[in-house]
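Once you scroll down, you'll see the structures, which are given as structure tokens.
In the two complexes below, chain A is the common chain; its partner is chain B in one and chain C in the other.
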Partner chain A sequence: MIRRIAFNLFAWTIVLAVAFPLFWMVLTSLKPQFELFRRPPTFLPETWTVEHYWTLLSSTKFLTYFKNSVILSTTTTLVVVAIATIGAYSLVRFRYRGRESLAFLVLFTYLLPSVVLIIPLYLMLVQLGLSNSILSLVIAYTTFALPYALWLLRSFMAGIPEDLESAALVDGASRLGAFRDVILPQLLPGIISTALFTFILSWNEYLYALVLVNSDSARPLTTGVMNMLVSSFNIEWSLLMAASVMMSVPLIIVFAFLQSYLTRGFGAGGVKG
Partner chain B sequence: MSTVRRTPLERQYALIGSLLIAPTVLIFCAVIVYPLVSAVYLSLFQVFTPTLEGSWVGLENYRTLLGKNEFWSSLWTNIVWTVGTLTLQIICGVGMALVLHQNIWFRSIARSLILFPYFVSTVVAVLVWKWVFNDLYGILNHLMIVAGLIDFPVDYLGSMPNAMISVILVGAWKYFPFVVIAVLARLQTIPDALYEAARIDGAGPIASFWDVTLPQLREVLVVIIMLRAIWDFKEFDLIYLLTGGGPVTSTQTLPLLVYKEAFKLNQMGMASAYAVVMMAIMLVFMVIYIRRTRSEDDT
Partner chain C sequence: MAEVVFKDIVKSFGSFTAVHGLNLTIAEGEFVSLLGPSGCGKTTTLRMLAGLDFPTSGSISIGNRVVNDVAPGERDIAMVFQSYALYPHMTVYDNIAYPLKKRGVRKADRAPMVQKTADLLQLTELLRRKPRQLSGGQQQRVALGRALVRDPKVFLLDEPLSNLDAKLRGYMRVELVELHRRLGRTMVYVTHDQLEAMTMSDRIAVMEGGKLQQFAPPNEVYREPANRFVAGFIGTPAMNLIDGTLANEAGAWRFASPGITLTCPPLTDDAVSGPACLGVRPEDVLLGEGPIRGQVQVVEQTGHENIVVVKIADGIRLTGRAGADHVWRPGETIQCAVDVSKAHVFAAGPSGQRLNRPLTKDQPRLAKEGA
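Presenting the complex of A and B:
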């Protein structure tokens, strides 16, 4: 019994140590400005305040960036998941020439570094006159999100028994009818999980946003917050911590309600047990 | 396949299949294959970024690159970073997975807390760590002084080797949950009978870890190590945001070098050459990983 308690304390000490920076972020964002620069630092805020959140929302461009991020991530997710779902269905359940090489290409691009693609993509988008727009970022995000979503959905699709589809075909359903009535409902958990992963990836992306967008009207949160609050002379720590907390809100929601989908996605994403 | 006579139905199916994959193929060609080819093509030019005017230089960029100290030191930094952070990720990840595999209190909350750093934006992670590392007001210096480990505040990001150690540690913190989840999933499938047998043979917990757990984890660990090696090697955001490659160029890895060359020094051709060489290095790992995955698929 004592060993059990000791082990639990040990385990929780480590867990809390790992999570400490995240707690520290929340605590810092709730301290008034002057308390941040107290030495020694106070652990819990002496005075609790939400003024930094209020400042961000009322007198900065934070909400514009937030809106951009929402539009950007949602569009990317919808486009990518729709294309990847029918693509994965084709890759797993149909036979045609070049199918194997395509699967190979998907895996290859899934591992490709963005810095290789970013220079030609930048040139391409400038020539098309699309730079500095949310659309340019949607196009750029497709380069990593589509291979990723295809790869995840491919393994989810492979997990659906082929007999189900055959049975529907025998009953007289067309191939696409079977896809709609049999495959899609079975694939739904996989689609949700892929959509969550794609959304989080797009929400967190930094490099493409840094290179491709240089105007506040199209900047997503990642580069927007850095650009707004970090300059070489001054770093607005309390605002930064409040912004960090709010940037993580979608993530916290996913964690609270949909965590099982995230773990499922892990199992499918190339790491087969 | 083409030698086999096909029925009309099979031909129709092949047509539907190709139509369904068509959007994917089109997008792949437009945003991945075409840029990839033009990256290689660009690397044969000298391009000035603001005007985008270029002149053909052939393999000159590659010759310059191989003779440059900066390339070799960035490659070395890249290897140090990858090996350092990957080792920590694996050790901490396996250790944490073993702990979380036990029946501890509030296990699902503990798992969420461990998982969170992996999903949080790199921007957020870096900002929080920079605040923790802050030399004047940071909590880390305060705690270290209180614990008596150091006498004076330490500059974690502005001097070497501290900067490299900090980057490696933050990288390990951010990415070890990936290892935890993958290993945890595998741990749950190890049959209890194996542990039972080891116990009957007189093995203690440590012996059964080496003789039962680790051999069972071997397969999944190989896959994790290859995947994470590829991803860590190409990491940009974390290092760029944390140190910007500094102090001077001590934490500058190849992806940062590509970025600097293309968008700070405005030499797109040279930057493409760096990127192509970097991809060639990564190709070795990628090919090993892809071949492995495909042979698994076949069986």
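Presenting the complex of A and C:
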């Protein structure tokens, strides 16, 4: 009994410690500017206001950055999931020389810190004439999201019994047909985890966006908001908090939609023995 | 024509050879079992027939057409997997309808076909369920339904009953035989269970270590096992296999081992003096009287009979079957005999050839003999 209470207390302490900055962010974004620096600080705003949100949407480039981020993250996710799915299928189902070493080589690239790769990547993109575009970021993010995605999907793929695919082939499906009808539905939880991982990664990425893109038309939210609201002389706290809240909303929505898929059964019962 | 022919089939996985030069001709409409212990290459053989694995060398034909380069879906076969391999995300209906869909049967035409199959297998109530909501037996029937819904040339079944409990297995054996009789299709049935093979097959292909040991009807496999492996593998309780020596005495072959000496049944010209093995089925051991003296070690009562294990010398045991009415006691001294007319003699070694001359109908029965 005591132990349970102690455990609950412990768990809730951690939850609060993690959640508090988020609460504070939301509350700050809803306070008028003059209330921010008051001593002692107010916990709940004395006056509730959404003027910061309105300012961001109407008189800054926030929406452009937001659109860029959506395009960037969605494209990266699609590209990474598509390539990783096909790659994982190949690594698991086909037997060829160097298959295992290939898989490890892929993981090895993931172990390199991205700071090391950023300059060579930048130079390559400049030479390709792709610098300063959303596409350059899609390529950059793909290079570091893909290895991990490949490994994640590979383990999911290995969990799908080969008999399922064999059965589909005997039933008259082509390899592609069997992949679409049988493998893909089984792989769905894996694909969703991978998509989520990639989306969050590209949505929050800062360093590459800072180095590779410096035109407002291509900036994603992370660098855009920093650039707009944080300068050496001044930080627009209210606007920054409002922007942060709005940046978090898409992730929360995506999670809310997909988490039920993540926890749903992995097709148990299809294959016995 | 749906004759299935394996010609000199070899299958290697890297340096390991799973199937060694298999030659097998399965007649149209025949029910053939591939029988052998786990790992002997049965599944590999079946997968090659299905087109899921490719032979390293040799050719496979179905109905006079070499199918080595034909995709599984175009071989006009249906297969039931040991794991059932039901599509987990599809309903029972969609599982059964899938082969039809993939072969371009129109949606409206599929429904009555699925319905008919479901009726046949008593699955009508379950058509809306997902595989994970079914019991093992029901899943097995769905897997069967997916194979039966079309009318393929050849049915391939890989240990379809091995995941069922004993009672259901017995029931499904009868059902499958009945199904085969009704459909008249060629069926290739993989099993490690000799009872299944014996009760269901027209012919049994006994395999061991990737090699075909014997291909014959069940009673022939039982009564004239081609070699020592087949003799020991088929039959429960297993055949008594006693190592000893063979010697030619004035034109007649005599077998001798500690505890037993007897005159052999007629042997072929391959018989040579030296080490050999005597095989006697438990039902051909006569308990109670005879020249062989031993001590009862174990008595297993099955209800309708007693299985009696008799020690006749150090390390040599003879298992016999006796009626249930006489109970032998462990420790008791017992006399017994061997029905020499039904005894087998095998060359030395774990897969020594059978040396008996083939049975002829009017072959004179020899008298009981022993000691």
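Going forward, the second predicted complex is superposed on the first by the 243 of 273 C-alpha atoms of A that agree within 3 Å, B and C clash if a C-alpha of one lies under 4 Å from a C-alpha of the other, contacts with A are read in each partner's own complex, and residues count from 1 in each chain.
Assume a residue touches a chain if its C-beta (ideal position, glycine included) is under 8 Å from a C-beta of that chain, and two chains touch if they have at least 3 such contacts.
Because the structure is predicted, anything quoted here is derived from the model rather than measured.
Trainee: Considering only the touch criterion stated at the top, classify A:Ala19 as touching first (chain B), second (chain C), both, or neither.
Mentor: first
Trainee: On the superposed three-chain arrangement, identify whether chain B or chain C touches more chain A residues.
Mentor: Looking at chain A, the partner in contact with more of its residues is B.
Trainee: Check the residue A:Met157 against both partner chains and state whether it touches chain B (first), chain C (second), both, or neither.
Mentor: neither
Trainee: Touch check for A:Leu212: first (chain B), second (chain C), both, or neither?
Mentor: In the superposition, A:Leu212 contacts neither chain B nor chain C.
Trainee: Looking at the overlay, what does A:Gly172 touch: chain B (first), chain C (second), both, or neither?
Mentor: A:Gly172 contacts chain C only, not chain B.
Trainee: State whether A:Leu56 touches chain B only (first), chain C only (second), both chains, or neither.
Mentor: A:Leu56 contacts neither chain B nor chain C.
Trainee: Could you pull out which residues of chain A sit against chain B in one structure and against chain C in the other?
Mentor: Touching chain B and chain C on chain A: residues 267, 270-273.
Trainee: Per the contact definition, I'd like the list of chain C residues that touch chain A in the complex.
Mentor: Its residues touching chain A are 47, 50-52, 71-74, 77-79, 81-89, 98-99, 102-103, 130-134, 136, 139, 146, 162-163.
Trainee: So in the complex, which bits of chain A are touching chain B?
Mentor: Spelled out, the residues of chain A in touch with chain B are 7-8, 10-12, 14-16, 18-19, 21-22, 24-25, 28, 36-41, 83-84, 86-87, 89-91, 93-97, 99, 102, 104-105, 107-109, 111-124, 126, 139-140, 142-143, 146-147, 150, 175-176, 200, 203-204, 206-207, 211, 221-222, 225-226, 237, 240-241, 244, 247-248, 251, 254-255, 259, 262-263, 266-267, 270-273.
Trainee: If we count contacts the way the header does, which residues on chain B are in touch with chain A in the complex?
Mentor: Answer in residue numbers: 1-2, 10, 13-14, 16-18, 20-21, 23-25, 27-28, 31-32, 34-36, 38-39, 42, 52, 96, 99-100, 102, 104-105, 110, 112-117, 119-125, 127-129, 131-132, 134, 136-137, 139, 142, 146, 173, 178, 181-182, 185-186, 189, 220, 223-224, 227, 230, 233-234, 236-237, 240-241, 254-255, 258-259, 262-263, 268, 271-272, 275-276, 278-279, 282, 286, 289-290, 293-294, 296.
Trainee: Taking the touch rule as given, give the residues of chain A at its contact with chain C in the complex, in rising order.
Mentor: Within the complex, chain A touches chain C at residues 161, 163-164, 166-174, 177, 181-182, 185-186, 265, 267-273.
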